[in-house]
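Okay, so here's the structure we're looking at.
Just so it is clear, A, B and C label the chains in written order, and each chain counts residues from 1 on its own.
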């Protein structure tokens, strides 16, 4: 009897916490996205509540419309920011994959005693404040920054490269901040691989390079997939990096949302953007969860 | 039993030759100046405790290790610098190393694909291999859907698919349970005889080596101790280590007392009764030499009554201290009156309840002069 | 089995780690620069550290952040342990898939969405935004984080250890406190540390859920960073990097000691 209650309590507390503070809020986002903007505080009209009874509720529901969504689809800024986010997130996921694969592979192939120090060395920058990591690149990339000073000093270029406040700077920032999320699952899947498989392939007449493509690469696919999800999903909604490194010309959905919300105080449009972002990401998130359960639960 | 000689009686050309091979890992010497010939058609076993260098030796044939000094020859050709993927030698790995993302068929076809076989030839060869190991019905399965025994057979088929000159087997049956292991040992022997290939097996299990091999090399500390047929290894071990490593054994220090007769006479176990031993031609003992007498437990008889004396029979009285019953046989630990402990093994020809010997019984042990051999050191 | 490090692996490791560390190294070096420009070295000085440590607004924000982080990660670890035990041990129950989804989704959900949705919840419920709303927001995210970290430890937990304890006469409670808890405690500790770090670092969720007077350090940092580079930020960054480095060194040392003992 006692244990059953304990069991229910164990399930109930975190369950209702997440229900209240994670799932239910989405209902409010959806609701606000269907409301009209207003110069008020909070800056939107209908407040959904039961204070007017059911008839009042239905009345209010009639006032809901897709105005924010129509607004979004009609304004090229929003369409551009969604498409741009998709492009930037995809390209930087690919960049992270290529860069991360080299590092993870190098780590697995390094002498065993180096592995723990190298993992710790990866964690240090990763645990360092996100803002600081992005901030560090401003000094390097800006027109009179270290990179330009170095290249000018070496005579490689005649006038400073303009990297800061461009999409290139955003790519650099995303690769710098997120590639660790790619390296960890890649490292885990490569490290788990049985080394004798490569010997067996070689024994059966395979060259080193072809053994990599036929054995190592396919066996690291779960890690590749996990890493891509881990980079792509947050990169899609990234705000800080395009805001600080991307300047005004780089529009991404997360940044546009932030501006709509904090600067323009258009909560319905911000909410509608959040819903759109969520719709884009719900597929990848569900796929990732299934992938995660399949591969982490078993192996 | 096939012998390493050609059809005309001349010694055949060895298929694998280790010529004064030394292998060092840093300061550690894994193989010490070792020479060994393995002939075509042999089922050759490398036997020894873990860390004796047997796996290193096998990996040198496969091409995964290079000799620090000396050379490894395959078919008379020096193999140094030839990588593993260019050698006509295939290996069956201890872990089987089946590619987990490929089906049984794909695993078997893997080596053929590397050699650029066409689709049809590959198909035929894979089918042939599948039927050889009786896995036709499971061709589409992935390795994780197979039992241990099935995986072992796929690994075998994969390593045989390319018709290698030599098949290397690294502890191939270690992961199987005892009964399956024994069956598979016979299957391996059968397969090797049918295909007429040269098999080299690495094992630490002396029974397995004795069962499958036509010749065994016993190794310790990176050196060869004895290379011989299984029966010779068992009955005429070259030294005390081999005698002890291969099978159960009673070993006693002896001092040669008389070499004049047909049989050696020696004193042992501080006892007054001398022991007679039939000498081997190569022994060459003289009076006063120290040696060890090796006597296998199954060659000792145990009786309640004192046996009749004869010039070639040794006998000793004692008391049964321990009996271990293992079904087919029983092993008795007998404390001799002189104080030594002797292990005796008898086949249980009678049912247990008719067995007349029990704990504490006074018994007589006796064995023939020809039943024991001597080793030095 | 894995052989020598080839030149290509050595190159990718060298370049990879240089990429990770050079920006931070430059940042740290120029925090000791005397001049106001952070790209030209003019001499060694600790003046920017002094300025940071005299900046009351900065210190207050830091103190706020530490309190929020400590509170939210403690709550998250307790609730997260419950959630992990529920996920790994309770078998099937009504709504399990939903529950697993709610635990997993916050970890990958873009923070702009999480932040916005929580803000709208607080507005709808008419809750005054401030210190406690940030704590609730961070607890929600950290709960998910802790649950996943602890669950992964529980999955690899050898259940025969608990059975052995029962077999030797321990009660359920004694088994939990004397066998289960000590074994999962490293995971609980790392969950707490991860949560704490996350909470210290979060800008977006905090910005959405903060109210007047509850500014956190990342928010403060963000508004300064938007104004451009300055040596004070370098000094502050260096302090924060040192704290993280120290934490990792201690964790590694503890881990190393434990490995040696077992």
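The criterion applied here is as follows: contacts are C-beta pairs under 8 Å (C-beta built on N, C-alpha and C of every residue); 3 or more make two chains touch, one makes a residue touch a chain.
Note that this is a predicted model, so its numbers are computed, not measured.
> Please give the intersection of the contact partners of chain B with those of chain C.
A
> Counting C-beta pairs in contact, pick out the pair of chains that comes out on top.
A-C
> Greatest Cα-centroid separation from chain A: which chain?
Centroid comparison gives B as the farthest chain from chain A.
> State, to the nearest whole Å, the distance from the C-alpha centre of chain A to the C-alpha centre of chain B.
60
> Which whole number of Å gives the spacing of the CA centres of chain A and chain C?
Chain centres of chain A and chain C, defined by C-alpha means, are spaced 17 Å apart.
> If a residue has to touch 2 or more other chains to count, which residues of chain C qualify?
none
> Of all the residues in chain A, which ones touch at least 2 other chains?
Counting only residues that touch two or more other chains, chain A contributes 196, 199.
> Chain A touches which residues of chain B in the complex?
Listed in rising order, the residues are 62-64, 83-86, 89-91, 93-95, 97, 99-101, 110-111, 114-115, 158-159, 162.
> Which residues of chain C touch chain A in the complex?
1-3, 5-6, 8-10, 12-13, 16-17, 19-21, 23-24, 26-27, 30, 38-39, 79-80, 82-83, 85-86, 90, 93, 95, 99-106, 108-114, 116-118, 120-121, 123-124, 136-137, 139-140, 143-144, 147, 152, 155, 172, 197, 200-201, 203-204, 207, 218, 221-222, 225-226, 228-229, 233, 237, 240-241, 244-245, 247-248, 252
> Within their complex, state which residues of chain A touch chain B.
Those in contact with chain B are residues 194, 196-197, 199-207, 210, 214-215, 218-219.
> Which bits of chain A are touching chain C when the two form their complex?
Interface residues on chain A, with respect to chain C: 3, 7, 10-11, 13-15, 17-26, 28-29, 32, 42, 47-48, 99, 102-103, 105-112, 116, 118, 120-125, 127-140, 142, 144-146, 149, 176, 195-196, 198-199, 229-230, 233-234, 236-240, 243-244, 254, 257-258, 261-262, 267, 270-271, 274, 277-278, 281, 285, 288-289, 292-293, 296-297.
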